[in-house]
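Two complexes follow with subunit A in common, the first pairing it with subunit B and the second with subunit C.
And then the complex of A and B:
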């Protein structure tokens, strides 16, 4: 049967061997070592709450200080970017500030003049900073309007600023946990999540980083192997349909790459039982990580197959690496609750914060289903490309050489 | 005569096999100011783009040195030629290194022009990180006889740096961003050892 033959080929490949080693290595050095001891209540930690008043006052104060200094720190792709605005763009911020606070520009300037002034030197330039105690928030400002203003401010700053609507809760609404809240979090961990539900999120967070990139190498190596070994013509001449061939190969890839993850899930379950006893969920460490990680494997493998057929293995690696790199670094400061409709690498690097995770649960479900459908669409496209090549009507896109756009390589 | 022939080989190689890689490396450099702020940065801040993004060109330029002969048909033709295959690969490597150093040099000069506090140290530090990433890829590709495995090895090394950070000790490629330069000489040494190992493996195999 072709499926098992392909599984065998994958299992014997060097890229798959490396994939298994890295999955195991990252699992033991990250998740396994983090979960060695029993988790207790998170006393002394902070939590993000969706308190609209807190968010609006915090954002208004921060924006006022940034505006007066004309220095905005942004992380458009996860990296530090200090933004200084020109006069026209400062006016946009000025309008936002006056609408948010309900103060006129004169009143705001007075507030600045009374504020504590400091000069900071970053080794090259001097910056004038202001420490303002508080700024009022206009009583007529609704939260929806506030979000619209924040969207505009973030756009004016070039993205990735502290005022990005999705990140406002995490930036401006962090409050210290009371003892009761810490105990409630712990109660969520032990009763609602039944321990492994929370551990499953942490497991998926760690494993998702490598599951979103490594499968592309295995898929690209397998797809390009026929050509490299001069077996393409032989395979093309077989009776089997392109649809069946490509999808069987894809299914073999997903199965083979899921297997090491399944083994790490079993080890994680055994570790959890040995620490917390048997009164925990016996399924959560299998169901949630499967739903979380399989779409990542599917997407990376689909990119590997499609771009290798269309261009080359190198191109597939570059495309997947770019999307992985940008997804990992966008909002890199946010390690939990980083789950939106199209986030490639979902992050929730804590056993707590069940409430935050549940806030984004519907987006999470949409996200994972989207990536499954997207991957299947890419594989269907691969079938079409493969079939065209098989019929001799297409031989990959070429950049150099006669009548070519992109040169195709093995 | 011989040197003229080699120059022809290198030019033809660059044009037909590696131009796309050179262009891609250039694209990474040109994209850097879009992803990072490069104006008025102090020494540590300036090290960020120079260590986290620019060294990726090492993977792009150095890993595919053996790629053209990965196709068995091409390899059969190359084997039948009189010119030493190792010499051709060495020339390709030197060419890739020259492109790598030129691009990093140009980027560092541009950062300096934009008022960032970059020095020659930043240039050598970034080049060392790029060289070691490329050398890991080159070695992986040579050992496995598959460029994709080479890319995979280099990307895994890059990810490991992100995840384990300074736990990697002398093998940490982002050390300048945290103010340390001592790791760079070890990275250069590792690059040299891996490259020498690569050519040894390759010559034994051929």
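And then the complex of A and C:
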């Protein structure tokens, strides 16, 4: 069967060997070392709760302080940016503040005058900052209206601000866990998650980072091999259909790249049994990570195949690296909690927080299915490109190197 | 006409450059040689027949199947490209088996064919060797084995003997002749000796055009009366090569006996008209078609 032959071919390649080594290194230095000791109840930690009053008062206070300092810290696409608004845009914030607090600007200014004053320096400018004790929240303000205001504020700030509606709960609604809550979290860990359910989320969090980038190297190397070995015509002239050839190679790539992850899952399971005994779930460390990580492998491999056929292996790596980097950066402030519908790398960097994970479970499922469908669509497009090349109607576009498109234009 | 390749008025362009110009040919079962200089358009024509290139106009049918029907063409065609190479870390038998699998052959049949083909191309004892460990000749033999593993009706071989030593070349040519007993074998080459030893029917190509088509003997006959031998002093050789098409030189003491292809009889002492050979006939064909072949170029 071509599938097994291609698996063997992948397994013999240097790129795959390097892939296996990096996966192993990541696993042992991150997850394995983090989980060496038994987990206890999370006393003293905080948790995010969906408390609308807490969110509104926290956001109003933060916005008032930012407004008077005219310094808003934002992370558009994950990059740090300090924003200073012009007069017109400050008026938008003024309107938001007065509506949220029910206070006039004069009343708000009085609050500022009574606040503790400090100066800060961001390397370029000096700012006047204020530590205001509290600001009221208008009794007539509904939570829906509040979200609309926040959306407008975030837009005025250029996006990526603390007032982004999706992030409000994590920014302004963190409360210390009570002892009971800490014990409840621990109960979730031991009973609902049966230990490995929680470990599976942590395992997937760590492994998801490398599973979203490393496969592109293996896929690009395999896809470009026929061309590198000058045997494209030899393969093109065979009877096999382009659909079958491309999808078989894709399946071989996914299988080969999942195998090292499966081995690390087995090691993680053995580690969990050795620490917590055998009264834990024996399947969770396999099922959840598979559903979590396979879409990452599929996406990276599909990008590797499509862009290598269209341009070159180097282009495929650059494209995947950019999407991987942006996904990491946009999620950099939030290591667990909400999983966005289209984020490439899903994070949950804790063994606790089962409830919050389950709150966004449907979005998580949507996210993973989206990436499976998206990957299959890319592979289908690869089939089309491959067949076009096979018939001699297209020869790929070279972006780099001698005679490339960019060099010709330059 | 279902055992023929029929090519009618085919044109092919690479951008603005015309690679094939109004090509018309009928190729029947047996060996057919496509002779031409490097860059004549042979590989382009071969690839177009193997559905690897798109023609811009004209018609091609391979055993009754239009070349546009790529999947059927691929199923009935075996192709040995000019530069045959394989995954270097695969074993010889594995490589053959892999390409057989890509040709859609079932496992059992593949196993039988790999065995018999390795034997046929004298590679049985090298079957465990990696492809990168094979010599040039062995690789070519592996190349021909992969091209016929699925028992194609048409075998297209592009410059298969280039770089082979004489023994390997003879062995390879004999193998091609055996294969041509029950299929069309289209041999493209710039080595006249290969065509002479294997093909009855040939076409001569240059600059994307067919200059001549017919049998080898007809081509030779065409050159009759235009091939001469002469004994000349060695010092005149450079001048002679500039003025005439010299197809052979035999050095003897102070003189050199030269074979010359020329339309009018050369104005040289001791000139004798002689029997044309295929090399001379080919050169005459190029010359009479307006191609520049003087200057002592190698043939």
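Criterion: the second predicted complex is superposed on the first by the 390 of 410 C-alpha atoms of A that agree within 3 Å, B and C clash if a C-alpha of one lies under 4 Å from a C-alpha of the other, contacts with A are read in each partner's own complex, and residues count from 1 in each chain.
Just so we're on the same page, contacts are C-beta pairs under 8 Å (C-beta built on N, C-alpha and C of every residue); 3 or more make two chains touch, one makes a residue touch a chain.
Because the structure is predicted, anything quoted here is derived from the model rather than measured.
Participant: Would you sort A:176 into first (subunit B), second (subunit C), both or neither based on which partner it touches?
Facilitator: neither
Participant: Looking at A:230, would you say it contacts subunit B, subunit C, both, or neither? Reply first, second, both or neither.
Facilitator: both
Participant: Based on the superposed arrangement, let me know which partner A:14 touches: subunit B (first), subunit C (second), both, or neither?
Facilitator: first
Participant: Looking at the overlay, what does A:217 touch: subunit B (first), subunit C (second), both, or neither?
Facilitator: first
Participant: Is the number of subunit A residues in contact higher for subunit B or for subunit C?
Facilitator: When the residues of subunit A touched by each partner are counted, B comes out ahead.
Participant: Just to be sure I read the superposition right, which of the two partners does A:313 touch: subunit B = first, subunit C = second, or both, or neither?
Facilitator: first
Participant: Which of the two partners, first being subunit B and second being subunit C, lies in contact with A:245: first, second, both, or neither?
Facilitator: Second partner only, subunit C.
Participant: On subunit A, which stretch or stretches are contacted by subunit B in one complex as well as by subunit C in the other?
Facilitator: 229-230
Participant: Note which residues of subunit A are touching subunit B in the complex, please.
Facilitator: Residue list for subunit A touching subunit B: 14-15, 18, 22, 26, 29-30, 76-77, 79-83, 122-125, 209-210, 213-214, 217, 220-221, 224, 227-230, 313-314, 317-318, 321, 328, 399-401, 406-407, 409-410.
Participant: Going by the contact rule at the top, pick out the subunit C residues touching subunit A in the complex.
Facilitator: It comes out as residues 47-48, 50-54, 70-71, 74-75, 77, 79, 81, 83-90, 94, 97-99, 101-104, 107, 146, 150.
Participant: Under the stated contact criterion, what part of subunit B meets subunit A in this complex?
Facilitator: Listed in rising order, the residues are 15-17, 19-20, 24, 35-37, 39-43, 45, 48-49, 52, 64, 67-68, 70-73, 115-117, 144, 146-149, 151-153, 155-156, 159, 162-164.
Participant: For the complex, which residues does subunit A have touching subunit C?
Facilitator: 1-2, 5, 9, 12, 225, 229-231, 233-241, 245, 390-393
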